[in-house]
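Chain nomenclature is as follows: A, B and C, assigned in order of appearance, with residue numbering initiated at 1 for each chain independently.
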Amino acid sequence: MKAVRTPEENRRISWFCFFATLAFLGLVLLLDQLIKPTSPMYMLLTVLQKGSVYALAAVSMNLLNGCTGLFSLGHAGFMLIGAYTYAIFTIPSASRDTVYQYYDAAVRFSFPEVFGNAMGPAGTALGVLVAVILAGLMAAAFAYLIGLPVLRLKSDYLAIATLGFAEILRAVCQWQKLGPITNGSNLLKSFARVSKFKLVLGSTKLTLSTFVPVLIAAVSIMIIVKLINSTYGRAFKAIRDDEVAAEAMGINLARHKMISFTVSSFFAGVAGAMMAMVLSIAQASNFKSAMTYEILLMVVLGGIGSTSGSVIGSFLFVAASEWWLRGLDSGTFLGINAPNIFRNGFRLVVFSVIIMIVVLFFRQGIMGERELTDVWLNRRRARQKKKEAGK
Amino acid sequence: MDKTILPYLISGVSVGGQYALIAIGYTMVYGILRLINFAHGDVFMVAGLMMVYAAAAMPLSLAIPLVIILTVLLGFTIERVAYRPLRTAPRMSVMISAIGVSYLLQNLALYITGGLNKNYPQIPWISDRVTVLGMETSRVTIITPFLTVFLVVLLVLLINHTKIGMAMRAVSLNFETSQLMGIRINSVISATFIIGTFLAAVGSMLFFTNYPGVVPTSGAMPGLKAFVAAVFGGIGSIPGAVIGAFIIGIAESLIKGLDTILIVNGTITEQIGLATFSDAFTFVLLIIILVFKPTGLFGEKTTDKV
Amino acid sequence: MRKDRPCILKTEDITMQFGGVVAVNNFSMEEYEGEIVAIIGPNGAGKTTAFNVITGVYAPTNGRVSFDGKTVIENCPRGKMKKSYLGENAGKYTHVIEPTPDRLTALGMARTFQNIRLWKSMTVFDNVLIAKHMKRSSNLFSATFGLNRAEDRQQREEADALIETVDLADVRDELSTSLPYGKQRRLEIARALATEPKLLLLDEPAAGMNPQETVELTKFIGEIRDQFHVSILLIEHHMDLVMDISERIYVLDFGSMIASGTPAEIQANEKVIDAYLGVTDDA
């Protein structure tokens, strides 16, 4: 059951989460220095990087689908916008023409460069931040325009309409006429990516490759959690549970649905920027509807409506598909040697079966509708009760 | 001018017919279960793959009926395993299950084919080249629309003049009451899936004869477009889905050739890459119909009771 | 009749036509501040439909609704309806004013529903607290980042006070669905009161209650009217409740008003007795 918290408990939990996140970030920073790209443990860093991208994508989708009840399948489209915006505004001017081989690049500056020249290394970091925020804003802007006609549709139609818009966005980004901006059907590269994220303090060089995406994800997810716990978050849940009653109690449906949609899409855009950062390329064909489906499955795996569930679900998904089940693709798994079965693609098959099992038999997902903090809180209260009874 | 447009028109009518055969499956299932069967397009793709492997192992006269039977079996099984258990669950759960099945089918196909493009076998006679209206094309392009209309007419007759057809109509109008009136819901639903999948299997044979490359994602786009066709024509209406599919097929084909047409026409002087939008156009159409007439061209309006 | 008080709600000729069926036909009524007015009638008479028109859930096919002196809803047969309109007074109303229900709630109209629409995944407290959302003065940013702590605390206190008033304090943190029927109805009323309405519309508040509970509810409604200074408009089938508490009654049958007046007048009215022939107090 979702635990109802006293204000005292609430404050404790908030501080605990804050410090736990700080500790986690510290750990990630440490791992960044200790694990080199050549190490066999490097997979852990890749999982952390990709995991944080998908964690943010899943949490932002959960805000829209799980909390507000708007079944939208357009997430990949907004991530695409975010990825491209980020890439376009962080390609150094020196590399501009090599990247835009066939076109005359329209955007000729890069935020990290501009700020970096003015303010030194801190400026470069600021430039990256500005580009990420701009990525989110662009995605939110498109979401606003798309939301105007689409948000009043019934759930099934909303799903297909948003799916359609995502496909339209993808086609538009690949259109040769927009080549000067999007590079047409060619991918974007050479922009600010994780392998380049370093901090130089005197004579020490700190690698920030995993730290930066995890930091961005952590901050973004914290903001989303605060939104969900606010009066607006409760209004969203009211819309999900019964929108007729919500409207009767003074909640303007169009306005609140639009808020949820644009905020969710903003963070989808940020996740897209992170994806570009982590993959080092931005390519429209990566952002097909299959990506939206995968994120949806991550949300379902974790439990629709639960933010910690979405985070857990996405890290599990990434770890399993990229790392743990790797053996299923390369002949030997858990000591069983069967190269005829365990070949390329088997990993995804096993994974899809697991997902189907969850969807059919564990519909609540891992967390149901609860958060990690609820589980912890219930346990703590049970322990306190036992202590009282024992006295 | 005619000479430029005609090949696109003809190929558009043909692909429209293939979409129609898929669209019917979507619209029938949605009419009865209010479920968007995301896996339907992938079943279509699996039918294509099955033919590739079957044709390599046995003569076509055996392969064709075998593939049809296996595909129908697949559709039937999917309903039993992935949709029936969730019938009492909230709508989103079933849709997510459909997405899960779609994901599984695509990954299975990827695994089995090893990621390689598979080439669809040439079915003699329908893949022969013929000359029609001064234009050279393959026979399948000409046959498809006729075959489609024929099958649709058969289906409409079945729906309107048989007991099972009446049961289907009843269930799509009111699920609960039909159950209370003693209609065997499970049989009706299974029959719906069987018919829809059968048509998709036939459609796959026609489609892949025209576009012989079969990849795991071959079903995604046609499936999506077929669904849009069903929505466009009015979800639950079979003639509507068919008309919608033909419109989409023709529009898609014309847009693919739009650059060429406009150049010959004199409207533009050079290629502006409008073909990129041939897929996207389907969705523009979808948005337009959803915004202006969500019940589709032939759909019926229902008011919700508060 | 408190005609010396301002008119809080007035409907003029509201007609609701669905396809070929006229569910509400030319219904005109008035309610004055502080009154308790009831709408009664056999099942299917169009009472809830009338409520839905007044609260903006349906736009009427024809007619006007005025709240607190201003016209808030108005419509006339348009488009396809122009030809198929079966009601009267088609040319009388010329403007089109179609607010969404939340607009009307903001103006001071709140309602409960015939088949209780509580938010199922939320607790009793949250159900009431959410209804306070519309009274916020904070924006998205300040709410998200906790800059509205004072307002949040105040709203929570108000919600708790309401829960006290309806005697649900002991189940404050339970899921709304875990409550027995009677308590759910009280919760719905508390939720509606959280929007600080001037007019409270209750759709069959006594449905499913036994005689004892109905007596308590009768007292309760009177107390609410006095404590919160709201006018009350209710739909009811329980005749003892209606006759006990209403100051005036409107009777609908097949969508049309067949009688209106004080409880005494209505009880003696031939047409009303005819319409209800064979209908007893439902349990």
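Just so we're on the same page, a contact is a pair of C-beta atoms (placed from the backbone, for glycine too) under 8 Å apart; a residue touches a chain by one contact, two chains touch by 3 or more.
Because the structure is a prediction, the values reported are computed rather than measured.
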Request  = Give the identifier of the chain nearest to the protein's overall CA centre, each chain being represented by its own CA mean.
outcome  = A
Query = What chain is the most remote from chain C, judged by the mean position of CA atoms in each chain?
reply = B
Task = Report the inter-chain centroid distance for chain A and chain B in whole angstrom, where each centroid is the mean of the CA atoms.
result = 33
Task = Compute the distance, rounded to whole Å, between the mean C-alpha positions of chain A and chain C.
result = 44
Note = Chain-centre distance (mean CA atoms) for chain B and chain C, in whole Å, is 48
Task = Going through chain C residue by residue, note those that touch at least 2 other chains and give them in order.
result = 57, 113
Key: Residues within chain B bordering two or more other chains   = 306
Query = Which residues does chain A have that touch at least 2 chains other than itself?
reply = 244
Ask   = What residues on chain B touch chain A, complex-wise?
value = 30, 34, 36, 81-82, 85-86, 89, 91-93, 95-97, 99-104, 106-108, 110-112, 114-115, 220, 224, 227-228, 231, 272-273, 276-277, 279-280, 282-284, 286-287, 290-291, 294, 306
Query = Can you list the chain A residues touching chain B in their complex?
reply = 65, 71, 149-150, 153-157, 159-161, 163-165, 167-168, 170-172, 174-177, 244, 288-290, 293-294, 296-297, 300, 304, 343-346, 348-349, 351-353, 355-356, 359-360, 363
Message = Under the stated contact criterion, what part of chain A meets chain C in this complex?
response = 1-2, 4, 223, 226-227, 230-232, 234-235, 237-238, 240-242, 244-254, 259, 305, 369
Message = Under the definition above, what is the set of chain C residues touching chain A in their complex?
response = 55, 57, 100-103, 105-106, 110-111, 113, 117-123, 125-126, 129-136, 138, 140, 143-146, 148, 152, 155, 173, 175, 191-192, 194-195
